[in-house]
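To keep things simple, chains are lettered A, B, C, D, E and F as they appear, and every chain counts its residues starting from 1.
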Amino acid sequence: MPIIRVEMLTGRTREQKQELAESLTSEMARIAKCTPASVQIVFTEVEREDWAIGGVLTDAKPAAPAS
Amino acid sequence: MPIIRVEMLTGRTREQKQELAESLTSEMARIAKCTPASVQIVFTEVEREDWAIGGVLTDAKPAAPAS
Amino acid sequence: MPIIRVEMLTGRTREQKQELAESLTSEMARIAKCTPASVQIVFTEVEREDWAIGGVLTDAKPAAPAS
Amino acid sequence: MPIIRVEMLTGRTREQKQELAESLTSEMARIAKCTPASVQIVFTEVEREDWAIGGVLTDAKPAAPAS
Amino acid sequence: MPIIRVEMLTGRTREQKQELAESLTSEMARIAKCTPASVQIVFTEVEREDWAIGGVLTDAKPAAPAS
Amino acid sequence: MPIIRVEMLTGRTREQKQELAESLTSEMARIAKCTPASVQIVFTEVEREDWAIGGVLTDAKPAAPAS
């Protein structure tokens, strides 16, 4: 029954989303003691123009190496 | 004042969304005792690639007849 | 698979939530062509102190008869 | 650490979003006593076809001058 | 029509929420060109035990001076 | 920068939340190529009375063994 939402910047591949789905689901099931089948995950990819940190849209920043 | 959010897979028509808007609003108003005008509904259509159940992205499944 | 979230002010009874659950689920299934079993609804009750309209917390208003 | 989400109809420019990001972040920091760097804002632009008020999708209304 | 959600750690007073409501609403109206009356704000206060940064629940950290 | 929200029924311990925070953060960082420090997780525990599946509030069901 758990619902996991993942908001992240655009740019991840379908393969990364599939790997995330598998991994987060199995970790959730293991730790929270639920069945994997009951876990739903919804990914939301956000454009850099729509995400601000510290008051600055993230498309305005020089490419950050790892975020 | 109630806000209803509906997350569902893409593929519903505008007519279905209009019918949902009418129906959910009138049921909400009737049961929760609020005015229909105070009810807002926001639809979010999610791509199959962005929704996982049981650790599997839903675009990886054979077309499910009724979900 | 649809997920419906209902945010509303506190004060509804369990019976109203059960009636909403039944009604919204059956309408969702009928209109969006999904199975009732696939519909999840999460209710969030919000305190008046945590909901503002027009810049005013709703606990500051004289009791509104129907919202 | 605060996360602010802004859902609004589509149609605002990048400049408006940047101005909102700056303003909401500085007001948040000032009033809630946090650092501006800790404030994240995520904008979600919603199509008129996906937002209903009073049971009517907002693309069905004559253009409202100010909402 | 805009909906603003503010998620923040518990501990702010009603006065801070009222001041945030006024300020964020007026800035939203001014910049996004909507009426103040159309802006709704919902505050969600999150317990430190329910918010993790960098994999650590925030109640496990020594009191951070400004977040 | 990713934000992960976990909605689940009440009843998990702080230890489970801490273990989830560590695990989901490290998996997110590994797969999505971001720094662990940039990952935020917000847990929302939902009362059984506020979560319906198939039109039935989950407090109305006989205790499900694994969800």
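Criterion: a contact is a pair of C-beta atoms (placed from the backbone, for glycine too) under 8 Å apart; a residue touches a chain by one contact, two chains touch by 3 or more.
In this text the structure is predicted, and so the values were computed from the model without any measurement.
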item	value
Third chains touching both chain E and chain B	C, D
Label of the chain whose CA centroid is most distant from the centroid of chain A	C
Chain whose Cα centroid lies at the greatest distance from that of chain F	D
Between A-F and A-B, the pair with more C-beta contacts	A-F
Same or different contact residues where chain C meets its copy chain B, judged by the half mark	same
Geometric centre distance via CA averages, chain E-chain D, whole Å	13
Between chain F and chain C, distance of the C-alpha-averaged centres to the nearest whole Å	21
In chain E, residues with contacts to at least two other chains	1, 3, 7, 38, 40, 42, 51, 53
In the complex, chain E residues that touch chain F	7, 46, 49-57, 60
In the complex with chain E, residue positions of chain F that touch it	14, 17-18, 21-22, 25-26, 36-45
In the complex, chain A residues that touch chain F	1-9, 12, 16, 19-20, 23-24, 27-28, 31-35, 38, 51, 53, 58, 66-67
